[in-house]
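Heads up, there are several structures right after this.
Each of the next two complexes has chain A plus one other chain: chain B in the first, chain C in the second.
Up next is the complex of A and B:
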């Protein structure tokens, strides 16, 4: 109700910057954690600390601009949608399934959500089209649909060319 | 510092990651030690620190070893810290970086921020104590601390217990002090309600109060940060502030608009204007309200809302027919284009490029090819070659 001031408006600009910068990689979907880390990085050492709650409030304020900055609850955190992609309930539920392992396969969807093949396929294809999911046909077993938004530090590390060559058998 | 054990850093079954933070330095008591740059991970069972330069160097402390934690605010040249008070190491502890230490606490220094969130999560885990319900392999089940009810007053454990009691006492005092603050917040709410009701009364008695005074009162409300409840959705009412702002925006945005094909989304405008200002930033609401007045004030820009809800500022000279025709030309030259390709060619954002192509499609100039590979637009040959 009462004014929020420069802190939140500036934070709004920084959030928009981060979403734009990473959009090519995750299609416009990012976890609240990653957004938090990236915003902290961008603010530098001497700036004030920022909590996840601050980010959520700043995004609420930004809604007035007609942006598509939506939050999707998954697990015990949120996925932030920075590009207005049309996601209906089906798509959101698939995203929530993906949160467990970072990817999902059609059999998982059929087993936990009790959907028919057609519905599962359509949902996954829509996510592919919007650039939110990546198709992996080289995975063992069924095709894996990965969510780049969920690639965390735990799975990826900065490695140099040497290490990359040694890692491949 | 002798409570840490070497670990591979891999999580056990039933152990989940809660939060992690880069750029954390460890202090043994007050002393700096060689572990100065690492990633700190909090799981449901442990606090793990991994060296950023040497990933092999990785150590952990079970959360059950922690007595309590405190926050230490940042200072000039000093990062914010969390102080972690620990139980003594159990005799069967696995090997770690230090065999012995005279300190029973460590400090975690957050050189790249993240301390607020980390402290919150660590406090939560300390309260929930999830490691007690989810057993993992033996090596993690270190000292579980004394059973509740048996407060031993001897030795280091005794001192730590006493510190815990003192902390609880301080906590209670602080919550009592904050009761006053909650009362203040209730009063503030009442004040806001009062202003709202006055504003409404003014609206009803429109005839008795001059236009000027109404505008002045509304601007007082706005300066307190209260959204004006009396503004109607039409471009009719607005305050002096918004009118001035609108004129200012017209000046600032002329050049950037021309660089970007005559159109910018409100998000882009918000970032551009606030970056230029540095201080006294605009709120999103102020920006929207000022933009709503652009057309009425006969300025060379206008606000437009697309069907999808996207809001843009465009030059008045921007005519729909022309842009759709030029979009057709660009697409025909290249055979076909996606929104990303079109955006790159014309120098506008992908979002707006998509809107322009959709508009051209609506007018019948383009038709779409919708597949898993994305949305591609072609010149509408059905129209031209029938």
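Up next is the complex of A and C:
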């Protein structure tokens, strides 16, 4: 019989695998939902079922081992950070604004967070620099900053074997 | 017509159509664009294109998403493909180009392998025989467009594995 320790250990390894495979797409940021979906896909028919709580617990254990996977609360879920990007509170609140539509614009930041233009710009520039956000200059109105991690279209896609192979250094 | 083409996830991601300011992100973006262009042209059996055609093609213009890659950015993608050896400009003004989803050297290698395998070194073939003959029906290079074939054979010629010659009704090649 596999002990609980084994279960969480193996789950931890799976979580890291998924994060590594998708890192090149999302810059190392993934929603708990997508992580859950991808882990379930990887487990196959006969594996034990895994809940989001299981994932969170597995990640806590990984953290205890020194393998940091950051948790950023956004809306009523979490963004899991697998690459140690430099993110401070400013950046995190911007990420939280992105959660609604998958993108954010400067005006929203100014309105919701009451920041000045410069602070808003800097926050967004930083997300671009860390590879977590992409710039969209063809959106109606202002420039939109999108997070691949929140791009829900990605949820329905399999990690194509080729991509996974390419992603591992 | 073309079978249903599977667009990569980036094609539905609005920022994909804006050249990214961050250098690392841009590298990923250009890599994805290059792959997309080659897969698209391969599936649609398109071996050449004009820049004007490219601008309006669904390849660079995602009507549903209301995003299109601006022409300056298209030029950047095309230059990447040229550097990789998959693209050749057909005129000085850079208005039309040859697109080769396999580089000429790669095609040359495949053709030469077939020649050797079938024990036909020292044989002469017309261009037509190579791309449209019965004997090559199962080969990947069957149906290859002439411009790409020519470049593949030129690559072999450089390696002294072939010599392009003139035959009665066109061009041919002798393999060594």
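One rule holds in what follows: the second predicted complex is superposed on the first by the 147 of 169 C-alpha atoms of A that agree within 3 Å, B and C clash if a C-alpha of one lies under 4 Å from a C-alpha of the other, contacts with A are read in each partner's own complex, and residues count from 1 in each chain.
In this section, a contact is a pair of C-beta atoms (placed from the backbone, for glycine too) under 8 Å apart; a residue touches a chain by one contact, two chains touch by 3 or more.
All of these numbers come straight from a predicted model, not from anything done at the bench.
Peer 1: Give the label of whichever partner, chain B or chain C, reaches more residues of chain A.
Peer 2: After superposition, B is the partner touching more of chain A.
Peer 1: Scan A:128 for contacts with chain B and chain C and give back first, second, both or neither.
Peer 2: After superposing on A, A:128 lies in contact with both chain B and chain C.
Peer 1: With the two structures laid over each other on chain A, which partner does A:118 touch: chain B (first), chain C (second), both, or neither?
Peer 2: The answer is neither, since A:118 touches no partner chain.
Peer 1: Which partner does A:66 contact after superposing on A: first (chain B), second (chain C), both, neither?
Peer 2: first
Peer 1: With both complexes superposed on chain A, which partner does A:37 reach: first (chain B), second (chain C), both or neither?
Peer 2: A:37 contacts chain B only, not chain C.
Peer 1: Using the touch definition from the top, say if A:25 reaches chain B (first), chain C (second), both or neither.
Peer 2: In the superposed model, A:25 contacts chain C only, not chain B.
Peer 1: Touching A:52 in the superposition: chain B (first), chain C (second), both, neither?
Peer 2: Touch status of A:52: first partner only.
Peer 1: Look at A:144 in the shared chain and tell me whether it touches chain B only, chain C only, both, or neither; answer first, second, both or neither.
Peer 2: Touch status of A:144: second partner only.
Peer 1: According to the stated criteria, A:136 is in contact with first (chain B), second (chain C), both, or neither; which is it?
Peer 2: The answer is second: A:136 touches chain C but not chain B.
Peer 1: Which parts of chain A are touched by chain B and by chain C alike?
Peer 2: Touching chain B in the first complex and chain C in the second, residues 128-129, 131, 153-154, 157 of chain A appear in both lists.
Peer 1: Could you pull out which chain B residues touch chain A in their complex?
Peer 2: Where chain B meets chain A, its residues are 17, 19-22, 39, 55, 74, 79-80, 110-117, 120, 188-189, 192, 224-226, 265-267, 270-271, 274-275, 279-285, 287-288, 305, 308-311, 351, 371-375.
Peer 1: For chain A, which residues are in contact with chain C within the complex?
Peer 2: Spelled out, the residues of chain A in touch with chain C are 24-25, 103, 128-129, 131, 134-139, 144, 146, 148, 151, 153-154, 157.
Peer 1: For chain A, which residues count as touching chain B in their complex?
Peer 2: Spelled out, the residues of chain A in touch with chain B are 1-6, 9-10, 12-13, 16-17, 33, 36-37, 40-41, 43, 45, 47, 49-52, 61-68, 83-84, 125, 128-129, 131, 153-154, 157.
Peer 1: Report the residues of chain C in contact with chain A in the complex, numbered from low to high.
Peer 2: For chain C paired with chain A, touching residues are 9, 12-18, 20-22, 24-25, 28-29, 66-68.
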